[in-house]
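Chain IDs A, B and C follow the sequence of writing; residue 1 opens each chain.
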Amino acid sequence: MDTNTAMDLMWVLIAGSLVFFMQAGFTLVETGFTRSKNTGNIIMKNLMDFCIGSVAFWAVGYSLMYGKSIGGLIGDVSEFSFFDSAADMHSLFFQTVFAATAATIVSGAIAERTKFTTYLIFSLLMTLIIYPISGSWVWNAGGWLAKMGFTDFAGSTVVHAVGGCASLVAAALVGPRIGKYTDGKSNAIPGHNLMIGALGVFILWLGWFGFNPGSQLAISGDNAFAVAKIFITTNLAGAAGALAAMFITWIFYKKPDISMTLNGVLAGLVGVTAGCAAVSPIGALMIGLICGITVVFSIEFIDKKLKIDDPVGAVSVHGVCGALGTILVGVFATDGGLLYGGGFEKLGVQTIGVLAIGAWAMGASFVVLFILKKTIGLRVTKEEEIDGLDIHEHGTNVYND
Amino acid sequence: MDTNTAMDLMWVLIAGSLVFFMQAGFTLVETGFTRSKNTGNIIMKNLMDFCIGSVAFWAVGYSLMYGKSIGGLIGDVSEFSFFDSAADMHSLFFQTVFAATAATIVSGAIAERTKFTTYLIFSLLMTLIIYPISGSWVWNAGGWLAKMGFTDFAGSTVVHAVGGCASLVAAALVGPRIGKYTDGKSNAIPGHNLMIGALGVFILWLGWFGFNPGSQLAISGDNAFAVAKIFITTNLAGAAGALAAMFITWIFYKKPDISMTLNGVLAGLVGVTAGCAAVSPIGALMIGLICGITVVFSIEFIDKKLKIDDPVGAVSVHGVCGALGTILVGVFATDGGLLYGGGFEKLGVQTIGVLAIGAWAMGASFVVLFILKKTIGLRVTKEEEIDGLDIHEHGTNVYND
Amino acid sequence: MDTNTAMDLMWVLIAGSLVFFMQAGFTLVETGFTRSKNTGNIIMKNLMDFCIGSVAFWAVGYSLMYGKSIGGLIGDVSEFSFFDSAADMHSLFFQTVFAATAATIVSGAIAERTKFTTYLIFSLLMTLIIYPISGSWVWNAGGWLAKMGFTDFAGSTVVHAVGGCASLVAAALVGPRIGKYTDGKSNAIPGHNLMIGALGVFILWLGWFGFNPGSQLAISGDNAFAVAKIFITTNLAGAAGALAAMFITWIFYKKPDISMTLNGVLAGLVGVTAGCAAVSPIGALMIGLICGITVVFSIEFIDKKLKIDDPVGAVSVHGVCGALGTILVGVFATDGGLLYGGGFEKLGVQTIGVLAIGAWAMGASFVVLFILKKTIGLRVTKEEEIDGLDIHEHGTNVYND
């Protein structure tokens, strides 16, 4: 292998390691934002969706996503199944940690009341089928959205909105936690440890320096310029998202809110993921600001108006801001964006892609979860939920002494 | 220096940084799995064994391990002592963090009742003498096991089983914690914070992406293919280990157990460390499954039958699965393994290596610990143990408010 | 771009990612060493100073520091403002995370009693003006200290002492926490979670493997040797700092102290930052030992004699050891140091640099904080301080259940 190619592989593997670490970040955010009696269950969900996803994506998912495209709709599943060739193992690793990210997003939205077995099965189907199919539309060279010119560089929609849309369906079908809504009012259920949640956000931010710049899939030659720029756009969007969320809550709640600001970071990062390579630093800043503002209102709307109980704000952060960020590529892309004289064409394609993938993620999730609901059930019993899932599902407490 | 060589150094240094971070992972796992009254002592042990090891391995250990081999048994200690040449500093860094890993494994097995001074001295001797000598047998080109064709790519035995065997001797000599065994029955002593333990496991998994692929010691040219493959084998084995441990406990305990599943991840990772470059993905999956099953029964056996008190399962995870994973190279290696038509020769060499190194690690540890027992003693007083080591050994509490 | 240049960019970006992660380390150390009622405020300070700094340094700071030097005193601010060129984006990223480090150091020194708004404004001015100006003296090729031959390779003074000097002024102006000094006696206010503090120190140590070796700004060719050596000098100094602090407290307090040992690690790392490329491993070990001893006495002196309340020891760790480490380059540099036959010239230049930058950091901080004191005020009310800043400043508790 020549030096440049080896360097590219090295970069993808290092970036993939950072993305892997995001699993720890998601675990910490979800546990921090929920109650201590369910912490062990959340650890197990986030750990096992990665373990299941690693096997499932290797055995089937990668091939379904990246095998020779059949009609632009799915990859040829026979091409790489039970992957055993050295040529693309760096790619398998990188794409595996992405698939696991999509799956793990759902965990937060249905935390504290969902059956463990049900979650494992749903998570398996996410990495086995749901994520790879829509993923193939965009990231398989033969995918129909790829051919249409749809831009989702690192997965605002392919990864995050897919996870977020599945989260919306799942949270709606599972229903709210006991005590969340009484007399038509939404009650806050405070998380047990925001410190651990904040550490999770820092780890996720670090992981995003693998997620976005790693999606260049190369760093040799002029790729290095592109990668460096993506570091800057990613970082500025995360910073702007936090600033926006902080000031919005400062204005509306009278105090700078911690949870919302943490979600603002994630909103900015999710939002810029689609366009990190296509927008300028100032465009990234704008996307971050817009997503940081949006996430606050979206969380309020879903909680208070839609009355869907999403303990960590996964639907807003990953679903809404993922979709929004993808559409905003049509506005801020320096090549083809509305603000740069590109007309509405780019914007149209971006919107079509978001709608199509969102519909797929919601539809497929609905089918899977509806079947699970009618068979093994989605929720733990009332008693189990009140006592906590750790004791009933896993026979242990996480915190002792 | 040419570009390829510089790239190789870069890779080794980055991988070494990830391995360094495993010290944090070990600290979190050990503190999480034990009681809060000893957390400060555990922090100090894990921090100081790395600090002592960094100095000791630089001053003597590296040279004893990698200096020109004398009779295949030890390195020429005069060769690199007080290392001051630029040529191999990347290697010194990488090997230092490996040495510290071997030392720190013992900490967990003797947690909550061992004298701090005793631990420091033992830890010093681990990185100064015990680990480098057996290490030289395998990783020094002139070592007798290296010449025999023994395969331990990244240290299932050289690092983990050495730590695990020393742990077994140490835990047996130090004796169980007060209250662990009453009326011939083993009592569970729950850890105080599994959340922190789970974060530790995620950090260790991340670190393993330095540990195993970094052990290729290069990434230029076709090394990049090898490195990428090791990412996949490492990841699949960790995932399979967790899946196996989860299902085994689900069957035998009726519930998917959190601690055991976390140990299952580590068991799979430890197990594949020897063969990560020699086995196929499917072989890695099998090694992970076997180690994930084994670790559960091994922990039960050591706890309930041998009645040796190992608070974190270090003997089973690192000792048993390290040895087992090394031997399984003789089964699953695609070049020479039993399943690939290689006959029993490879299996025999692997077994000889494991037995020789295990005997050395146990014997040397026994001599050191026996002398320490007869001189300064191994255990804190009963009062100190009951009150907690933090107050008596360090004059402080870790948790306040 | 040629292969070597791409490799250099890659290295700088990876190193910068590790430095970014130090923000998490600082957050954990500061929260762990303080009381739980202020944890949320500390999270917000450490998160937002990075977010503000990322925008401010991109918009103005980088240019003020690295634009064409005007009279050796400041950079031409028009050169890179609102940075939008691909050529140096890797440099912008790397320098941004450095600027944020300087700013965030101050947070710890004034923890638990400072107004959030005041902190945000001060932090903005740090990354916008204070840090870039003195930074330009050393790291801008046209800076007056650069021309004089002042050596501060990775920022013992440029980053750490600037943060530490600002911390001293800020802690003095803000005044001690309620209850810290009664009847002329200093009362210990124990931190609420040393476990989280210890994790922070491990993360900081990891980050330093980006901070120091990354400051080579290249890794191709013989740069790789230099980078590898810096890994070793950095690691040995951190280890020696911990060992020194541990033994000093063992002697003087009769027990090896956890907080001081953790600060010993940081003291050694801060101290070696200036000279990591210029000293030998043995020199690094000496610098680490000296700084590890110094930090203990400095913390005691500032606390008990100066009666300045610095909850995390930021002034001693970053200010005192940063200055000391920079001066010690004049002693231990193998090219020009006193011990290597270099006479007092190097030592003189190092001292001049430290004094000039220290005076600037203190003077500028004083002006800013004095104005803030006379306008919006520095401290929260007595009631807010007693109840905790989380409830009053952010309307929430971090820990629930």
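Just so it is clear, a contact is a pair of C-beta atoms (placed from the backbone, for glycine too) under 8 Å apart; a residue touches a chain by one contact, two chains touch by 3 or more.
Keep in mind the model is a prediction, meaning the values are calculated, not measured.
Novice: Taking chains as nodes and touches as edges, what kind of graph is this: line, ring, star, complete or other?
Specialist: complete
Novice: Please decide if copies chain A and chain C contact each other with the same set of residue positions, more than half shared, or with different positions, and reply same or different.
Specialist: Under half of the interface numbering overlaps between copies: different.
Novice: Starting from the mean Cα coordinates of chain A and chain C, work out the distance between those two points in Å.
Specialist: The computed centroid separation for chain A versus chain C comes out at 34 Å.
Novice: On chain B, where are the residues touching two or more other chains?
Specialist: 3, 7, 14, 193
Novice: Going by the contact rule at the top, pick out the chain B residues touching chain A in the complex.
Specialist: 3-4, 7, 11, 14, 18, 35-37, 190-195, 198-199, 201-203, 205-206, 209-210, 213, 219-229, 231-232, 235-236, 238-240, 242-243, 246, 253-259, 261-262, 265, 280-282, 285
Novice: Once bound in the complex, which stretches of chain A touch chain B?
Specialist: Touch residues, chain A against chain B: 1, 3, 5-7, 9-10, 13-14, 16-17, 20-21, 23-24, 27-28, 31, 39-40, 43-44, 47-48, 50-52, 54-55, 58, 82-84, 86-87, 89-90, 92-93, 96, 116, 193, 196, 390, 393-401.
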